[in-house]
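Just dropping this structure here.
To keep things simple, chains are lettered A, B and C as they appear, and every chain counts its residues starting from 1.
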Amino acid sequence: MSTELLRTLDLVDHHCHGVVTSRLDRAGLEDLLTESDAPAPQGTTFFDTQLGFAVRRECAPVLGLPEFADPHEYVERRAELGPAEVNRRLLRAAGIGTYVVETGHRSDEILTPAQMGAVTSAGHAEVVRLEVLAEQAAADVDPVDFPAAFRAALDAALVTAVGVKTIAAYRGGLELDASRPTDEQVVAAAHAWTSEAEGEPLRLTDPVLLRFGWWEAVDRQVPIQVHVGYGDPDVDLHRCNPLLMTEFLRRTQGSGARFALLHCYPYHREAGYLAHVFPHVYCDVGLAVNFTGAQSPQVIAESLELTPFHKALFSSDAFGAAELFHLGALLFRRGLAQGLTRWGEQGGWPLDEQMRVAQLIGSGNARRLYGLDVAQPRPHEEGS
Amino acid sequence: MSTELLRTLDLVDHHCHGVVTSRLDRAGLEDLLTESDAPAPQGTTFFDTQLGFAVRRECAPVLGLPEFADPHEYVERRAELGPAEVNRRLLRAAGIGTYVVETGHRSDEILTPAQMGAVTSAGHAEVVRLEVLAEQAAADVDPVDFPAAFRAALDAALVTAVGVKTIAAYRGGLELDASRPTDEQVVAAAHAWTSEAEGEPLRLTDPVLLRFGWWEAVDRQVPIQVHVGYGDPDVDLHRCNPLLMTEFLRRTQGSGARFALLHCYPYHREAGYLAHVFPHVYCDVGLAVNFTGAQSPQVIAESLELTPFHKALFSSDAFGAAELFHLGALLFRRGLAQGLTRWGEQGGWPLDEQMRVAQLIGSGNARRLYGLDVAQPRPHEEGS
Amino acid sequence: MSTELLRTLDLVDHHCHGVVTSRLDRAGLEDLLTESDAPAPQGTTFFDTQLGFAVRRECAPVLGLPEFADPHEYVERRAELGPAEVNRRLLRAAGIGTYVVETGHRSDEILTPAQMGAVTSAGHAEVVRLEVLAEQAAADVDPVDFPAAFRAALDAALVTAVGVKTIAAYRGGLELDASRPTDEQVVAAAHAWTSEAEGEPLRLTDPVLLRFGWWEAVDRQVPIQVHVGYGDPDVDLHRCNPLLMTEFLRRTQGSGARFALLHCYPYHREAGYLAHVFPHVYCDVGLAVNFTGAQSPQVIAESLELTPFHKALFSSDAFGAAELFHLGALLFRRGLAQGLTRWGEQGGWPLDEQMRVAQLIGSGNARRLYGLDVAQPRPHEEGS
């Protein structure tokens, strides 16, 4: 199994965001290449990271620069080409066949799912964020009407969206009471929440309302993406261990809902365990592949210890910078190829079985999970 | 150090269960190849896992099929040969010299330790489960007599058994109060437990009684196997971190009891730490070797970071399917050989020292821990 | 990138202790080669560990013995040469350019920072332990004067010391309330502490006083070394996860203080996350490199997944045995070279960039963090 063989592997990026269309200066680009919310300390740069090195090595040539161009040249060249051309080049280089775009984060700064599809001639689908729906519903109606308003908003979103996402990990962590709250509890919590906000934008952190969102999504039997593990400094990472959801997963087994655990680093082995023992749990190491760069083959291999091959997913978790799509796809292909090659050599896996596993993880599992072949015409595939 | 060199390495499988003797259909076999309690989702199979691939690659030829036979053929061939022949072939292929069999799980469906020894011409010994002894004692006597009944049952079991096992991990987790309960507390807890059961089979989850079992075993200065980490969806995996036992291990240092932490994944580094700092703690990565398949060399190597070479153990944790014995032994030999080879090349370990380490881990440590050479005549060795 | 190329890499050992000058018998040496506080069980030896094998392979030749000399010969040869010559040979072999020596542990048995510098002709600097300063201040003054006495002691220490260290991990763990205690709270806690001591040596475990020490150090904007993760059996390892400090790190961002997370194993990925998202957090895998020996390249590589290359540090965490300096430096160079080589081959990192990363981690980051070039004349460099 060579990386070459996986160059044309069909990829469904089951969790990503849009790219920005604005011009990025050095600080703006660095900000998109880190999960930190602060600039690198004086005298240092986020280019001196696994991700930064991967950008210089792999993205520079796509923009017409020599490999490992220095950061200054790279930013200049980006400006010279302009954002549209940079996005076009890097997204096309990524070779992703379908984007499943989550639209709940800074959505006014980035391309919509349809625009992503148009730029890339790729298929596209949308995932909506539960907490955003809740914040909008709570802003619009009286607390007593919040349950109905949220349900209506969710139903409306799911007319087109193929799934939902929760960022409860960022809003207090994943250790929520696994029971379903009553509507009375939800109304009381909505009342407390909105009355405390005093005119500030609503930010959902109430555990009753977070659980309400989870259970409403479960009722609709849709894929539920869950932010797990690594993210920006807003998270208390030790509260984002997916094992904290064990009881909730136990109770929703057989409900028809399915869970896609996102990123998961450094809890990807724990996520693999959950994907192994629960039939409705899937997982990826999306974000971690980009951020661990040349070291990502190990992370990918670890994520495939317990995860059944019919449960592992590919995602870039790219946001904003088109580099993250290209690298997400490239590093995933490379790391997966490396693991498969080793398991082929040491474990005797035949090449056709290696390829079948790659196809499951690259696209097959996501198509099955999100019902993409049924629900989504994907023009780029009709033509191929 | 080649895998070849380890092909004849004497192995004591210090923690396993018996094989089933009934005929297994596809669903029955898949059920034994996963820790999930549900079938694989529609359109998928547990053969698409690290373990499933290892079965197809390594077990198929033992049954006279080509490597990587497809699952359908594999199950058919199994039926054709019949369970006795399948068990005979795979167990002999495993080349395990001594089985230390734990008899506390579905023991009416599987071979006894003596039967395992007879089928394989190998040595055998028994380990008894503390929670089963407690459940039997509580069913038999009045709560006020429970402490004495449990003690008597334990003493009786230890006439022949070489150690005990606890599955407290499955009964609420490992974070038990480290203090020894009084008999009054034990009687009260037994009373509450049995009166709440209302005729249902007794299932021990009371922390006082779990601790009572631990301390009684400590008093008898025997090896105490502890289920740690990965297992079926009954466990709350985050409550099975062996570090939660730290205070208990601290208090029992010097007691004469010894602890063998089983499986430990994904907490095998934590287990290695405990084995390093506490003189009475041993560990293995049993179950994880089978379930991580071609990726197991990394898990084995990680388990040997802090674990002293005189504290690491081999086990298959096989239950039911004879495949798990063959693969447990094969993957352990292969993974250990790979680690030793790398450490030889990069760290300059001479071949004789590599072999000595392999012998300690493969059998020497277990013989010392369980007193096997003293307590157990092992006929298969007398003949060799 | 060959290990050869890194042989002359300048190293700042940013966290170590002095070597002992007394003669070590077999038991004394083994005690320094383990984090256990008990001898190896009868019939076993701590030489049968990753560290023990590294000593036999790498240190034996430095003492004029063949590689992999047996432990008995090794201890004899050590005695023959005498401690001064053993220390001289192994420390010189280490090739460390600057020692940042922490003096808070058994400081009467080991060389001072200045003596370490003299033996090795290397630069040296001192780090003081907050808990020792607190214990001394509390022993000297009335509780009501404790805050002032501690502040004065800290100020006095920082006239020469380049930073502080906290071992709160050993004194209850890292999950301290992140808020700054008031002086009233501190006085009350000091009162309770000293009055309970009843003439016994004071040992600081009070969380209010531990937090007080942290905040006083933050106010002085100095590097604060934090014991994280693996250590001796005194620690409750699950209370030493650096993520437990997240809120404290969040509150001190922008304060001017910087944190160096030490050792971190098995939480080095978690530490890398913190170093990635917080601009004032650095980390190393010091102790773990020595103790994981031939397996340390994997640990080093994992620590460089998320840690920016401008935040990773080198340390040996050596205490007492000169072997730990030689091996700490050797294994670090070897493991880093191996990671860089792989990332060069698979990720296309040019050799000059590999070397620049090695220089940052080996010495550049520590010089910047501790202000070594400004504050510390380093005679060994003037001469080179």
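We take it that contacts are C-beta pairs under 8 Å (C-beta built on N, C-alpha and C of every residue); 3 or more make two chains touch, one makes a residue touch a chain.
This one's a predicted model, so the numbers in the text were calculated from it and none came from an experiment.
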Between chain B and its twin chain C, rotation from the CA superposition, multiple of 5 degrees: 120
Interface sides of chain A and chain B: same vs different residues, half threshold: different
Inter-chain centre distance, chain A versus chain B - centres from mean C-alpha coordinates, in Å: 37
Chain A, residues touching no fewer than two other chains: 298
Touch list for chain A against partner chain C, complex: 34-41, 43-46, 48-50, 53-54, 57-58, 67-68, 230, 232-233, 236-238, 265-266, 288, 291-295, 297-299, 334, 338
Parts of chain C lying in touch with chain A, wherever the complex brings them together: 241, 243-244, 246-247, 250, 253, 269-270, 273, 276-280, 298, 301-302, 304-306, 308-311, 339, 342-343, 346-350, 353, 357, 360, 368
